[in-house]
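Chain IDs A, B, C and D follow the sequence of writing; residue 1 opens each chain.
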Amino acid sequence: MNKLAPRLLAEFLGTLGLLAVVVGSGIMAERLAGGNVAVALLANALATGAALIALIAAFGGVSGAHFNPVVSAMQAWRGAITGKTAVAYGVAQVIGALAGVVLAHAMFELPLVQCSAHIRTGIGQWLSEIVATVGLLLVIHGTVRHRPDAVPYAVAGYVTAGYWFTASTCLANPAVTIARACTDTFSGIRPQDAPGFILAQIVGLVLALALMCLLQNSEENPVENPKEKHK
Amino acid sequence: MNKLAPRLLAEFLGTLGLLAVVVGSGIMAERLAGGNVAVALLANALATGAALIALIAAFGGVSGAHFNPVVSAMQAWRGAITGKTAVAYGVAQVIGALAGVVLAHAMFELPLVQCSAHIRTGIGQWLSEIVATVGLLLVIHGTVRHRPDAVPYAVAGYVTAGYWFTASTCLANPAVTIARACTDTFSGIRPQDAPGFILAQIVGLVLALALMCLLQNSEENPVENPKEKHK
Amino acid sequence: MNKLAPRLLAEFLGTLGLLAVVVGSGIMAERLAGGNVAVALLANALATGAALIALIAAFGGVSGAHFNPVVSAMQAWRGAITGKTAVAYGVAQVIGALAGVVLAHAMFELPLVQCSAHIRTGIGQWLSEIVATVGLLLVIHGTVRHRPDAVPYAVAGYVTAGYWFTASTCLANPAVTIARACTDTFSGIRPQDAPGFILAQIVGLVLALALMCLLQNSEENPVENPKEKHK
Amino acid sequence: MNKLAPRLLAEFLGTLGLLAVVVGSGIMAERLAGGNVAVALLANALATGAALIALIAAFGGVSGAHFNPVVSAMQAWRGAITGKTAVAYGVAQVIGALAGVVLAHAMFELPLVQCSAHIRTGIGQWLSEIVATVGLLLVIHGTVRHRPDAVPYAVAGYVTAGYWFTASTCLANPAVTIARACTDTFSGIRPQDAPGFILAQIVGLVLALALMCLLQNSEENPVENPKEKHK
């Protein structure tokens, strides 16, 4: 278990950093945008994507840079980590996420512990979270297998787009959902709405695993260098 | 044909994701931008480009990540895939594109099936689509040959720029054109204007293939490591 | 000279594409931005940077993707191309740049040939062009030597930043300067102001070559893997 | 000491370029943004991040592209450079940073030497600088070890995000802090507030080194290719 410690520290620090950026940039963006929500969301999305490149590049070599319990669950399912490790990762991620929110509040001199009043519920929101999670997991799975050097950019690109193409702004992460319930700022979600999001994310995980099985059949039939290519 | 299934699934999922992002981010951007169309188009363009990095990185290893019938036609012409495969890819792309539009509507709780009233016609629009398609195909062809690791970023960069430098916002894709006729939101195109766009894209394909032949003569004369470089 | 043809075609097409993007995205941005010049310049800068990634990735393997007479001059000085080739490249670049401006006008249904009335003159502008050119050439020279895979991103990043950090919006390119004198839109420059810009760019070229000589001494003393690193 | 000269020149030029971009793009952004501070900060952040990709790619192979005394201190602690070299780097960085500010003022035809009146003090600001510095150093350290090709993008991404997620806009650099005290424009900081920032950055350095020791234990236990991965 001792050898696991640096990996858990990396998951803690990375998820802390992710939430500090999501919440902190949301606070800054709302303060400066003068009521134009599109400009605020643009800043929030670009800051999150830019930070993800840095965080995945920095911590990927230590822990794999999951920062997300459904990603750790997928990696356990693939056999990349054990089930026990996935549970430990999940605990480190949730604690890190909460610490990141508190840190963002401290930097902006706001009350450290808050409770969001931002309503995010309904069919469109839940469907968005299912779609967001399926997409995130397929992007990670496909990129890790076929273009490992592109993982930081692919994940950052996906999450930046997710802020805009889903109605829920793409949380796609139970640790992030729990932590964002604890901030009454731009990126918050009401505590009573969090369980619906987390349930949708779990549904998304199951759907993504099913799709991966269907896509994986292609392994016997790699297309990158097909015979037909060399005309 | 069985081995083709995962590749068709990848084309279906990737084109679905592309359209969900194009249409979904257009809806979100228009809702939030408070009437500033430049801010809305900035969000739409950045979300599309960011998502393309993720989608090409994720699915390129399975199907080649064409997501576009004219790209599949070019790859068939090059001998990278057979003509039959190109036709199957095209069908998967159109179905995926339509599914992506429906999914975007569902996430934003809009009527699932719509018909665009957005006029996009005239000489400037058709010329723009010819230019957009020639450019896209030359970028893909050149990057695949000379900098394969850069393909996701080159295509994403081209499409992001295309939203701004063409008068038509760079559809450059018959599957995308058909699907965008089925949404009466920011990114729609009137059904009666779609054939003009698709015809222009086919003209662009032919011009691009001609230019590729002219450029290909350089293969006997590679410049990357010319003798004269080693002064 | 026959073998040179595809390379000249690549320089022609790449510079054409660059100018179509610079001028076209400027027109679109000004039309949509509702008078907020910062938003227009943001769109113009992002479109140009995004397109440069695509154009350099696509044409670098054929011609080296100079798209700029001062870059070709630097490459001739380095011995990467002959002086004759540099002159031919320069001609192809100027013709391509002019064709790109005409194409942008055609896509937006504007008069094809125009004359800019946009005043860009004075000490600050000329100093900006000197700085812009020195920086561009140092970035290309250093990146080609030490991180060749990063060339498209480094050049795109530099030019995107250049729109903002110089008072002249960083033309840094005589072919671009001549072509932008021929558009009376967002990105134009008065014909009578073009010579001052081109002179400043040539001064920048000379300064950059001098700095390269000073930096090149480091070759006997590479720092990337210094002995002292292995503590 | 002679062999050190090109490396010091690279640190001087790179830090000069960084400050010219930070200050110059801040001036341009404030002039054009029409009072919308969020749009101005977006331009400032994107220009800085884009330029960092170019500067690190261009000068990394010569000097390591530190551009920051706390980065040089960390590299000396790691044994990548000697303590003497770190001091010389620091001097070159401070002189380069000051020269960059003067150059930005000259390009925009402002008084060359200024004194900022921009108040940046208080607990939230100092905490922000500690967080910003810890994050920057962890990102550099982790990326250099595990994904060296990603260094320019990871650092650029981190700094772009830092403009938004910290209350202090992430200076995280004593040379930058000193230089920004010398401009009374968008990115300035009052001279009397600079010591607090620099002290916070030194605290961040110490905390970062402690965290690196804890993370480094993972070296005997690499996760990238764990045995458990091969299910």
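Convention: a contact is a pair of C-beta atoms (placed from the backbone, for glycine too) under 8 Å apart; a residue touches a chain by one contact, two chains touch by 3 or more.
Keep in mind the model is a prediction, meaning the values are calculated, not measured.
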Distance-maximising chain from chain A - centres being C-alpha averages: C
Equivalent interface positions on chain A and chain B, same or different at half: different
Copies chain C and chain D - rotation angle from C-alpha fit, nearest 5 degrees: 90
Chain B and chain C: spacing of chain centres that average the CA atoms, whole Å: 26
Chain B and chain D, separation of their C-alpha mean positions in angstrom: 37
In chain C, residues with contacts to at least two other chains: 36, 39, 42, 46, 49, 149, 153, 156
Residues on chain A engaged by chain B in the complex (per definition of touch): 35-39, 41-42, 45-46, 49, 122-124, 127-128, 131, 135, 138-139, 141-143, 145-147, 149-151, 153-158, 160-161, 163-168, 211, 214-218, 220-224, 226, 228-231
Of all residues in chain C, those that touch chain B in their complex: 3, 5-7, 9-10, 13, 17, 20-21, 24-25, 28-29, 32-34, 36, 39-40, 42-44, 46-55, 57-64, 78-82, 103-104, 106-109, 149, 152-153, 156
